[in-house]
Amino acid sequence: MSETLEYVASAARPDAPPAILLDKVNKWFGAMHVLRDVSLNVAVGERVVVCGPSGSGKSTTIRCINRLETHQEGRIVVDGIELSDDIRALDAIRREVGMVFQSFNLFPHLTILENCTLAPIWVRRMPKREAEELAMEYLTRVRIPEQAKKYPGQLSGGQQQRVAIARALCMKPKIMLFDEPTSALDPEMIKEVLDTMVGLAETGMTMICVTHEMGFARQVADRVVFMDRGEIVEMGTPAQVFENPQTDRLKLFLSQILRGH
Amino acid sequence: QQAPAAAANTFDAVKSRGQLVCGVNTGLAGFAQPDSQGVWRGFDVEYCRAVATAIFGDPNKVRYVPTTAQNRFTALQSGEVDVMARNTTWTLSRDTSLGLDFPAVNFYDGQGFMVKTALGVKSAKELEGATICVQPGTTTEQNLTDWARSNRIKFTPVVIERLEELVSAYVAGRCDAYTTDVSGLAATRSAQPKPADHLILPEVISKEPLALGVRQGDARFADVVRWTHFLLLSAEEFGITQANVDKLGNDPRPEVQRIIGKNGGLGPMLGLADDWAVKVVKAIGNYGEVFDRHLKPIGIQRGPNAQWNQGGLQFSPPFR
Amino acid sequence: MSQTTIDPRLMRAPPKRKLRLSWADERIRGVVWQVLVVGIVGTIVWWLWSNTVHNLEVRKIATGFGFLTREAGLPVAESVIEYSPTDTYLRALTVGLLNTLKVAVVGIVLSTILGTVIGIARLSRNWLVAKLSAIYVEVIRDLPLLLQLLFWYTILQSLPGPRQAMQPVPGVFLSNRGLKLPWLDWQDAHSLALLALLLGAVVTWFYRRQALAKRILDGQPRRIWPVALGAMGALPVLVWAALGAPWTADWPELRGFNFRGGVTVSPEFFALLLGLVLYTAGFIAEIVRAGILAVPQGQWEAAQALGLHPGQVLRQIVLPQALRVIIPPMTSQYLNITKNSSLAVAIGYQDIVSIANTTLNQTGQAIEGIAIIMLVYLTISLSISLFMNWYNARIALVER
Amino acid sequence: MSDVTLETAAAKVPEAAPRSPPASQIGLLAWLRTNLFSSWLNSAVTLLIAYLVVRWTIGFVEWGIVNAVWSVPDNQTQACRDLKGIGACWAVITEKHRFILFGTYPYEEHWRPALCVLLFVGLYTVSAMRRFWRKELALVWVATLTAIGVLMWGGILGLPYVPQERWGGLVITLILATFGLALAFPLAVLVALGRRSRLPAIKALCVLYVELIRGVPLISLLFMASVMFPLFLPEGMNIDKLLRAQIAIILFAGAYLAEVVRGGLQALPKGQYEAAEALGLSYWQKTGFIILPQALRLVIPPLVNTFIGFFKDTSLVLIIGIFDLLTAGKTAIIEPAWQGFGVEVYLTVGAIYFVFCFAMSKYSQSLEAELNRHRNR
Amino acid sequence: MSETLEYVASAARPDAPPAILLDKVNKWFGAMHVLRDVSLNVAVGERVVVCGPSGSGKSTTIRCINRLETHQEGRIVVDGIELSDDIRALDAIRREVGMVFQSFNLFPHLTILENCTLAPIWVRRMPKREAEELAMEYLTRVRIPEQAKKYPGQLSGGQQQRVAIARALCMKPKIMLFDEPTSALDPEMIKEVLDTMVGLAETGMTMICVTHEMGFARQVADRVVFMDRGEIVEMGTPAQVFENPQTDRLKLFLSQILRGH
């Protein structure tokens, strides 16, 4: 399996230094081994889609990347900074990595605009006026500038998720992580959000996205990673992975999600 | 503020503060209680004013700190108050183990019983089986049990902390008898719509010398307090009153001359002004006047608090 | 099935984390912060402690619990156990503790009942009943408990004196000395009969459970009352008769100043109990109301649609669900009753606080006295909490 | 869009004229029937309660108004005593109301505590209005409390100095309650955060504090503050009695409020913490901007409940000889002339407590409704 | 309109005595007139589907039938018993009428099995063993026997609704009422529940079902009743009602729900 990994990783823009490097990362929850020797190399500007059955460690992997979870073995290097117990390194990385959650996690007591400006003002120490201009710019990009004064509770799920994306973008991150951004949405709203993400992908942003939206993966992903039981089982271009699965597990998985639709 | 090491200097501390801090009862009719205007009045309060006058020549340079039965001693120990004029019984253990001194007994009291006349009881010995109202946490409670044991009397206690509630319990008939110091009984009795309905029984079951208190080891301040009390007594003995104290310049009696400081000498020995006594009597009156002003109206007789030459216990050493 | 496919070599245990000595390390910071805070708190405590020791020494105040074995000499009006002023402080304090427990336990039971009734009354369809319960709750909650206690005590004192005592039932007297009830001249036969009654109650209870279980199993209803009558009626009477059927009642009668004989419910106890129960019931009523409202209307309807009777709906469906919402705040109220009983000092019921106050006044052992009060209340509070938490866990809802 | 078509189309459909329900369904009669007399048991209960209410009301009006004595010439209470309980002696309030409200504060200076009470009420009112919920409100608080301190103590601006021992009555109650809660609140927030901390020692300390303080009655703490506190300090050092009581109340209220706040913290979804962390906010930024604003909003009703409880509990300082409202009321009737009119005084004092607590409880209900409306759109 | 009513009612098995008879039923909530002269005759074994816009009184009608609401004018006769204030009559009727709610209303503190056996044991006084056998039988019928020991909170929505149906069946009712049993469910779960109901309909049970599932109505309904503003506006066979609506209101309504799908 490792040959495949090497091959694919090196295939993706081998010249640039990697934006994210996971090297034999292992993680346990208590005694439960949830990540096993996960190695992944994401080049700058690369767009990676992660899929796999429930409980396979997809969320855990990307949460390790901005250290919402700590890994116990192996190395994670993000944007040239190695994740360790060092708090300064952590701060630096969180500034460079934006994250969008399945359940949006907007701050309900702040307006949309305040949601977007909070971190730039307090973390990046940006002047308020500037932060607001930036926020409006990104809100326009996700096509909801007119909602800026409303509260999250007044928006539909799709709109909320787009705000969440704008909020992350306002920190001008180099890397964006998405954890099943559409799975809490109604079918009609999924499209809104996917469109936004496609637009984002076109700007050349480095992205890792956990999703089961095949169409999206095919359209934007440079690479698809399939995880199962805490391991990366297969990876490759969407075409390789979807049309020509190598392992039984992936075949089974694909048959399931295709049947589900 | 003052530490016991500095306790020897309460006098100086008071002087430099410009005010005497006096611990009083939170409310005891006749002895200490704020009136409708919030001004403290009563027999004990006059002692605070007298000491303040002695030191400053001004009876109003007093701050009153209401103290409860529980916190009165710590208030004094910790320097929260300078002097305690708060119906406190002088006992050996308090004198020795609490770090206090009792410079003067300003009121001789004893514990007695009051019953309703309608009950037909004439003597405390007839109280077998009675329900008796008593305040907790003071010597009263122990006196009562001691007395009951020595007389083989069984009784049911009703133990209520605050005096008002205790009195109203007695008045309402919750208890057959009410026991506290005789002065308190008299005060309660006179406050009743019909005092004649209540009878103070003849037995006095304890000695209750109610004394002023100061911190131990502060002889100078204790002297001031003690001699202020004696001044009030002597003034009564020699007929010096609020009204005539100004006009005694030519009084032939040498003792009177010494008291009013005509020839000087005694005041400064206490660290006070020569005319301290005149000012005190002018402001407060003599012992008898104070007594008549506050205790007589609520029905307390002089009894043991009469002058020694009237058959009482109040005796002032000579001013010389 | 998934477990079998995992390569056993991969079933590794997590490694231990190494600690790096750097201020940037979160754990180092954590340790430093903790050492700092604990150090500061520790220093303050140590400082206060050493001051206290020093002050006690300077002021020649003796410490220690030796005073507990000294003679108390303090009179106690009512006591669950034998007590006379010649007993020790320890016994006096025990009497106080038992008095506290007495009012707390009775108060908890009664206020739970009253509070439940009022809480349900607030949901009543009778407008007057609902409104009055609401007014009751508002008024009771917004007035200081102390004031209420004094109020009830004053009311009870305005009852007639012992000589004019009311006699609602012959042998029962109500006066400002309390409620006097006749009581048996207690003998072993009575104790044994009581024991038999208890035994009978237990037997009946078990039988009822059995009968119900069997009825659920086979659908045949069984009579319970014959067994109940036999076990709780006939058995004690038999025991009592076998032991010679002693029957001399101790009737209260006016002798001298007071009633002699019989048992007494004192006005102090009663006022305290009344005040506590009425006050706490106001709070419990709100808790119960919230609990019942928290059970969705659909549950009532579903149960009714199945044909269950209102009583069955309440017992089988609504109460079990409401209890989960009710129990945690109820625990706080039980704790409050226990602690509020210390206001007894104000109206002359001699609970642990009252007696400990007197003790520390007489002996000057302030620290020990207060330590005893706090220890006693802490023990009671923690026991109640533990019990209620256990009960709460037992009835917790099974979710995913 | 589809709504529009539905509306217009539906409007064209002729509506059948609705019949009004049978007479038994509407109007006063129907209301009475459904609400008061829906069954014979209900009717019986209604009649019984109505009878009792009417009787008590009449009794109270007779006692409190018809037969009452409103004032007597200087302390001659014979007129009151002659009533023998059939009428209230409001003369005791007429005579003593200033003492009850202001205690032993110098009589001529009573305008100062009176002004303070007004300031307190104004402060509460302003704080209660949501449109004033801004940062400046903290300044208003500081300014008002300072003004109150200046007014009460005096000693500057030509106001004569009044030592703390002379303060009393309603002002003391308001001071103890306001300062108590204003200071207990931040303490409670810290303790609640500490109790959820990952650092075991800090967590243990907070748990210890909360459980120890909550497990004992307030009066034992007050007692300790009053009797034993001087022993804890070095010789000669002492702290004002009011301050000691205040500290005891703060510690006690802090433990209770901490549990309330903790409830709010626990109710907050984990996602909020994670989102804040992922944005790179530091612990205190996260706590201050994201966690606390939401958590506190969640627990406003229990918070106000606790406030009400402590407002009333300040009356317990009577145990240590501070003249709060209730103690002042009790002291007012020590004077022999006025002994025996406790009921009138207690009613008055109770009414004052009631006004404050009832206002708080009504306010909390409306606030709860308002905030909830805000939450769901 | 009344001619239509008479006609259809008599068309449905005119020989048998009616299982449910509503005769000019009127109901007010306060001053609001929510049922206006509703008359309906349901024969034994007949399957009636009720539809109509929101607020038209569908729920109220069927809730009146098992007296979760009381009507104020007119007669309701169920299984030969007239609804009145008589409590015994009420008990008798509730035993014969099973009801399934939109929001399932399972008892969350009881297991699935206990949910099903509660009423048979306490109302029908059935031995527990027997009740459990019966419950397992019906749980098997709705195809979730393996969930018997779980609690409702552990089941999906579709499974919960099937339990609710089984629970009602365990009382062996002669008549089943359904109030929008599928509208709180996800699309995939709707099918599970509708299948169960179709199966039930095939056993010949008398059913009244409030639903907007046209497919279901076409498949099983003997009669479709269309209500609007508290009145029965039209009724007839599914074919009559759906293909050939007479009134403007029904036409409008049909256009809406068809557009919605």
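For this structure, a couple of remarks:
Going by the order they are written in, the chains are A, B, C, D and E; count residues from 1 in each one.
Here is the rule we go by: a residue touches a chain if its C-beta (ideal position, glycine included) is under 8 Å from a C-beta of that chain, and two chains touch if they have at least 3 such contacts.
To keep track of the chains, here are their UniProt names: A, E = Amino acid ABC transporter ATP-binding protein; C, D = Amino acid ABC transporter permease.
Because the structure is predicted, anything quoted here is derived from the model rather than measured.
Counting only chains that touch, the fewest steps needed to get from chain B to chain C is 1. Greatest Cα centroid separation from chain E: this falls to B.
Of all chains shown, D has the CA centroid lying nearest to the centroid of every protein CA atom.
With chains reduced to the mean position of their C-alpha atoms, the one farthest from chain A is B. Of the two chain pairs considered here, B-D and C-E, the higher C-beta contact count falls to B-D.
The angle of the rotation carrying chain A onto chain E, fitted on C-alpha atoms and rounded to the nearest 5, is 165°. Distance between chain A and chain D, defined via averaged C-alpha coordinates, is recorded as 50 Å. In terms of their C-alpha centroids, the spacing between chain B and chain E amounts to 88 Å. The geometric centre of chain A is 55 Å away from that of chain C, both derived from CA atoms.
Counting partner chains per residue, chain B shows two or more touched chains at residues 4, 70, 74, 77, 162, 168. The set of chain C residues that touch two or more partner chains comprises 58, 150, 154, 345, 357, 360, 366. Multi-chain contact residues of chain A, defined as those touching 2 or more other chains: none present. Only residues 2, 6, 10-15, 17, 20, 22, 24-27, 29 of chain C touch chain A when the two sit together in their complex.
Within the complex, the chain B residues that touch chain C are 4, 69-70, 73-74, 77, 93, 97-99, 119, 127-131, 134, 136-138, 141-142, 144-146, 148-149, 155-162, 165-166, 168-169, 172-174, 176.
Those residues of chain B lying in contact with chain D across their complex are 1-6, 26-30, 33-40, 63-68, 70-71, 74, 77-80, 162-164, 167-168, 171, 187, 190-193, 298. Across the complex, chain C is touched by residues 26, 28, 31, 33, 36, 72-73, 84-89, 229 of chain A.
Interface of chain C with chain B (complex): residues 58-62, 73-77, 85-86, 150, 153-154, 157-158, 161, 176-177, 255-258, 260, 267-268, 345-348, 350, 354, 357-358, 360-362, 364, 366.
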